[in-house]
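Attaching a single structure in structure tokens format; questions to follow.
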Amino acid sequence: MTVPVRFDHDRAARVGLPEAVLCEGKTDEQLRAVVSALRERPPAPALFTRMAGDQRVVVEHAAGCELDFDTDSGTAFLHGRQPARSGCVAVVTAGTSDLGVAREAVRTLEFLGINGTCIADVGVAGLWRLEARLDAIRTADVVIVVAGMDGALASVVGGLVSAPVIGVPTSTGYGVARDGETALHTMLCSCAQGVLVANIDNGFGAACAAARILAIAP
Amino acid sequence: MTVPVRFDHDRAARVGLPEAVLCEGKTDEQLRAVVSALRERPPAPALFTRMAGDQRVVVEHAAGCELDFDTDSGTAFLHGRQPARSGCVAVVTAGTSDLGVAREAVRTLEFLGINGTCIADVGVAGLWRLEARLDAIRTADVVIVVAGMDGALASVVGGLVSAPVIGVPTSTGYGVARDGETALHTMLCSCAQGVLVANIDNGFGAACAAARILAIAP
Amino acid sequence: MTVPVRFDHDRAARVGLPEAVLCEGKTDEQLRAVVSALRERPPAPALFTRMAGDQRVVVEHAAGCELDFDTDSGTAFLHGRQPARSGCVAVVTAGTSDLGVAREAVRTLEFLGINGTCIADVGVAGLWRLEARLDAIRTADVVIVVAGMDGALASVVGGLVSAPVIGVPTSTGYGVARDGETALHTMLCSCAQGVLVANIDNGFGAACAAARILAIAP
Amino acid sequence: MTVPVRFDHDRAARVGLPEAVLCEGKTDEQLRAVVSALRERPPAPALFTRMAGDQRVVVEHAAGCELDFDTDSGTAFLHGRQPARSGCVAVVTAGTSDLGVAREAVRTLEFLGINGTCIADVGVAGLWRLEARLDAIRTADVVIVVAGMDGALASVVGGLVSAPVIGVPTSTGYGVARDGETALHTMLCSCAQGVLVANIDNGFGAACAAARILAIAP
Amino acid sequence: MTVPVRFDHDRAARVGLPEAVLCEGKTDEQLRAVVSALRERPPAPALFTRMAGDQRVVVEHAAGCELDFDTDSGTAFLHGRQPARSGCVAVVTAGTSDLGVAREAVRTLEFLGINGTCIADVGVAGLWRLEARLDAIRTADVVIVVAGMDGALASVVGGLVSAPVIGVPTSTGYGVARDGETALHTMLCSCAQGVLVANIDNGFGAACAAARILAIAP
Amino acid sequence: MTVPVRFDHDRAARVGLPEAVLCEGKTDEQLRAVVSALRERPPAPALFTRMAGDQRVVVEHAAGCELDFDTDSGTAFLHGRQPARSGCVAVVTAGTSDLGVAREAVRTLEFLGINGTCIADVGVAGLWRLEARLDAIRTADVVIVVAGMDGALASVVGGLVSAPVIGVPTSTGYGVARDGETALHTMLCSCAQGVLVANIDNGFGAACAAARILAIAP
Amino acid sequence: MTVPVRFDHDRAARVGLPEAVLCEGKTDEQLRAVVSALRERPPAPALFTRMAGDQRVVVEHAAGCELDFDTDSGTAFLHGRQPARSGCVAVVTAGTSDLGVAREAVRTLEFLGINGTCIADVGVAGLWRLEARLDAIRTADVVIVVAGMDGALASVVGGLVSAPVIGVPTSTGYGVARDGETALHTMLCSCAQGVLVANIDNGFGAACAAARILAIAP
Amino acid sequence: MTVPVRFDHDRAARVGLPEAVLCEGKTDEQLRAVVSALRERPPAPALFTRMAGDQRVVVEHAAGCELDFDTDSGTAFLHGRQPARSGCVAVVTAGTSDLGVAREAVRTLEFLGINGTCIADVGVAGLWRLEARLDAIRTADVVIVVAGMDGALASVVGGLVSAPVIGVPTSTGYGVARDGETALHTMLCSCAQGVLVANIDNGFGAACAAARILAIAP
């Protein structure tokens, strides 16, 4: 069976974001078909997310060139990244276990030409850690809060800054953490006004949303 | 028992949004205590949400003045609204049943001094209706999509515009609509990149998020 | 049908807590049978919880005396309360809507002879409110945190005090607040160490747990 | 223990569909017993679904002949397929990850003697892709829509064609995609009228339903 | 606030089904706006579903004429019904409590000009009742099975007839019947091949699907 | 619309249990149709369950005679009850709130001619109450345990008696009691061997099961 | 750490069932401790359930003798089985995938000295298969119905026999089969009167319940 | 990418509990970063939980010294433990499968300098086992009840002792045990007054809570 692939090539023009390839759940054959479809066009920056180590080998072989690959986040850039844009995004995390998702957000921002900074390990059980970094967080145009377990960091940050706040629940923890569902619900119920939420573990989506937001400032 | 009320009066300075009073679930006595706490300060615009008809009477009596009350959305303004800001927001709805929540968003925007337009009844089962309004939607700086049932409108709009898209699932429908949970999950899983989501029926929160976003444009 | 009632009269001796009567879901006939069973013994303090206004009338009539009734919490004392014990408990709430449950905790403490103080409206979206009351909270031997919606207050308080912290999620809010399930899960997943949790809206149970805890100090 | 197998051999006469063997969850011994029961009858086309690579070896050995096996869908035909029928079915997919399930539908149609065409990668985030293929889709007698994540494609297609539309949610995606539950609920709540739904990942069932439908046209 | 209404008037041409008005959850003002939008066009048959008794009065007043109203199903026809089509549909129910939903299906078929027959009370706990009506069921071109509680009737019917089978789970029963979710899941998991399913209580949608199916026979 | 009713009159012969009429969710018209169908046969004992006060009036009027009605359980007997059978059943309850369901079981047993005894208020928080009644419980041929909240009584009783134990979870309690789901799951997970479970609040079903069990003793 | 084991040795006397050892989830060290505790007493028949192949080796080594082990069900007998009892049990299954659980029931019956017969592959999609075996099923004193997916077999069998019917839902199937939850709920909602249910995949528990039931016949 | 780690070093001073490192879900690189951050300070006792065997090797290598490691619970102490405190805690378990979690509680107590005793295998299906150990349990200042499946032990113990009772549900069992959710809900719904609950499998958190409680006794 030939794998049919139909790229949404004019997406960048329409929504300002290039199409990205989610590798998870794709067979090697499907990945090869995707790369082959990409090669029908002039080389342009392409982003791959949730890429496993052996998928990298498959894609590099099919593309005939090396990827800019990051193990922690499973992200890869083919043919470089997009031109730099203005604006800056703070990616704030509650604990060490949230770093993989935070890194996916930072790498996606990087791919989109946006300056992203990771401010890690400022969970609310030790508020002074957050307070110590508050000035840094307040300089950002957009704040992405990455947190699992109780997800309480989104509410606290949302009450401290005036910038847009995007919560990304993570699937860390055990028991009633329920693979991120508890953090998701907590963030959606945030008592801080105007906190928005992306899917569980979706650092990529949060970065895309930040890009949409930054694009409205002239 | 005296109802203790502690307002977060400096919130406006800190996060750029005034505190609002959620009336649902509050007793008349609690509402009176809230108004009484507001009266300890010089009059300033205050927003009430999810206010029932009889709660309006209680609050007007306690405040000693009339409210700017809207039945459809259950919102009320005390002492006017905030000064006008630049930027405009399109509030797009799938069906007639989503209008109450859409109206909560529009009224909150109005209270915050933001220009909000409602573009109704453009559900995806009749795509031409959406296409007919696409130019209007594309002029907005931020798009709020209000939809229940299948919630598919957020994905379609997210693929057609480059502005920030905020999904607000509504609790309309029956059976597996599950009081908005299906629309919520659909929007969080949107195949359009960078769609963000607010709590079910939370038109107020979506408007606050839009205000945060518009504030980053100088 | 005669309603059979079998009281656990030696419970006080065994676990240090008198039996209490949950009124919710009981028919008038059942309440009358309960009071009649109580009257077979010498008068002793008895606690009723979740009592509706008309149930009060039924019980007062059956008991042949007045109750010490509190509308806000639906609690009632028959034949006074237990002797005073040492120790003090802070009942901390996130918002005004949590006051009914907080009041059930305070009233139960009162019935058990324990000094309970309500510290209200210190939700994490405005941290300074919590900080302003922190000294008062730190003087308590046990802290009960009553919060709905995101339930984040339990984690923040748990990171700030060394006393035992008991979370009571409340069924306030709408959408994914899910009648308190989100706050419950948040509290169980608290990133603060050693936070324990009672059932949703169970101010009574939290107060009983506090009584068990205070009893271990000589 | 001997594995008892009781085939529903007259099913084809009764409901117009031959019995099929779901391989997933069956032990090798059970598969051998199934083949052995088949061999008690004259050779007739038999379909196996969700067959793993090593199960193929077991069955081929037991049957004493080769299977027409398809790796992508895990389907296998023993003793050929059924005679060709008139009518044609379009199997439309949202993304590359849905291809395995779509292929199960196409292969089952093929086994049943029905002409099935796969129209892939027409997800609603890039509507022009769907519009480009709409004429092809409209020529089909029955349309099967295979989609995971937000499942929105079923609603959009349902609003564009007059043929029967069968939604097959897939277990692709992560987080609140919930192994296909979100796409399932979205499709059941479709705002397009008369969209019907099969179990998650059940390409086989959708094809059988299409066969039932095509059988009513003389 | 003026209620904006945008009808999908060409739907009939596009998908062969007229738009219908779901009354549940609509305010009187919204219903009046809907009727007013209908009156901007030449009179054509319109269907209202889930209409309450007082909503009927509102609509009749706004329309200036009487409705063909059916209390059991809450359906109403304005300006008659669509021309008769060939084909016939059997609507089979498990128990008396499923009759309201079955009636919604029958009435919708009637509105669409299709011949629908209700075969009631043939639940699987007394199989002979089903067997006694099997010949009648087998004459139908499409079979709609309406059942709550265990929903087992869909599987049994699906194994006995060759026609397309559409399951409609109902929200009857208590406890783990879970407002129809159990019957829904049972039907989706049916061991009979090719059974399709509509949303809980969605007799209207099942009838629309039957209409789509009947339209493919010339 | 005439309500079609098809009784399973030979059920008693087939499974040893007469058909019973669940009144909940039935309209008055449907109840009248049921009684009318009953009247087509010679008078025989019939059982109605979950009957509300006004439904009783409807049925009595349609039947032209009085019912043996019990308010606590909502059960009614028409034309007496079945002949007495040997064997006895203990219906054990945890708390006063479980009495309604327990009573439904006792009344159904009574209707079936079986001797049933209610042993109430022996919840596990005060084990001595259970121990005091253990001899009485051990004389029963079958034990039905009716309990809500934690449902722990089924496990404790199951470990103390050798008779068949049938758990009936009740929808009492609040918060995570979840309308009986917690008690249901607890009973299904019982650490006592061979405890079986009926649907939530299904005292009727438990009594029917007890009748099936008693019938195997000659 | 020494593994503490406390056997409930008098259980057989108390409830008529010997203690059984659930191997799943136990470490090798824990299994050795269990066998060692068994060896402190005179040899008596002991049952192990859910035993994996390598656990068998561990236990045989610790026990110093061979087990009567059955791979299909993961059951093992140490020191033989209990004396034969009168009565017979039919274990009826819907499909081949249910055989492992059915076998656990049959083996447990065997261990308890009870005559159990497996009647396999009589799922309701092909009713004639069930009808062909109905006489055999009707001779049984107790019927255990083992079924996954739609679980409809329990309702159909419950309507055809007068013996006690015990449903055992199995975790077979995919999608909304939800690891047996759908079959569980279907069986609990059975429209056949007096069907009781055991935990998902709990063939052991169903057999123990059958033993309790058979014990009441003198 | 350098892993950023920000320790909450003054936590011990603030809440009386040292920070602990949850190893589960951390990469080797993250663990090395954690140890490296610890080494920036003078050696102090540190606790690691849910540590796998190979993680131990990584940490020992990074720390340059041996850990006090316990396989059963996956806990490790670096640089010894905290000074002894007064008070004693009973850790009571229902079955052998709960021992891992119980051991995590005992080891955490040990690390915190608290005397903890494990009283195992006293599940409620054989009450005499619990009664035999009741005196030992009653000498404890705090009781931790570790139980999976039906979780009924917490209610029974809560009704027998006056000390604070902390329930820890475990993820043992299968089917509706639902990875500990059933035991969690049972414990939260306990009919015994004042039972508090920790997250599923959270022996560590229960021990920390016990430490908070013991700290209030002078």
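Some notes on this structure:
Read from first to last, the chains carry the letters A, B, C, D, E, F, G and H; within each, the first residue is number 1.
Methods note: contacts are C-beta pairs under 8 Å (C-beta built on N, C-alpha and C of every residue); 3 or more make two chains touch, one makes a residue touch a chain.
Bear in mind that the values here come from a model prediction, so they are computed numbers and not experimental data.
Following the contact convention of this document, D, H is the list of chains adjacent to both subunit A and subunit G.
When the partners of subunit C are compared with those of subunit D, the chains appearing in both lists are A, B. To overlay subunit A on subunit H by their CA atoms, one rotates by 90 degrees, a value rounded to a multiple of 5.
Homomeric contact subunit C/subunit F: same residue numbering on both sides for under half of the interface positions. Within the list C-F, C-H or F-G, A-H finds its counterpart interface, over half of the contact pairs alike by residue number, in C-F. Taking each chain's centre as the average of its CA atoms, subunit B and subunit E sit 34 Å apart.
Centroids built from CA atoms put subunit H at 44 Å from subunit B.
Spacing of subunit B relative to subunit F, judged by their CA centroids, is 49 angstrom. Counting partners per residue, subunit H has 11, 14, 125-126, 158-160, 173, 175-177, 181, 184, 188-189, 192-193, 199 as the residues that reach two or more other chains.
Listed by chain label, the pairs that touch are A-B, A-C, A-D, A-H, B-C, B-D, B-E, C-F, C-H, D-E, D-G, E-F, E-G, F-G, F-H, G-H. Per the touch definition, subunit A reaches subunit D in the complex via residues 1, 3-8, 10-11, 14, 22, 24-27, 30, 33-34, 169, 171, 180-181, 184, 199-202. Those residues of subunit F lying in contact with subunit G across their complex are 11, 14-17, 20, 87, 141-142, 158-166, 184, 188-189, 192-199, 204-218. Residues of subunit C that touch subunit A in their complex: 94-95, 123-127, 149-152, 155-156, 158-160, 173, 175-178, 181-193. Contacts from subunit E toward subunit F in the complex involve residues 70, 72, 96-97, 99, 103, 118, 120-122, 125-126, 128-129, 172-177.
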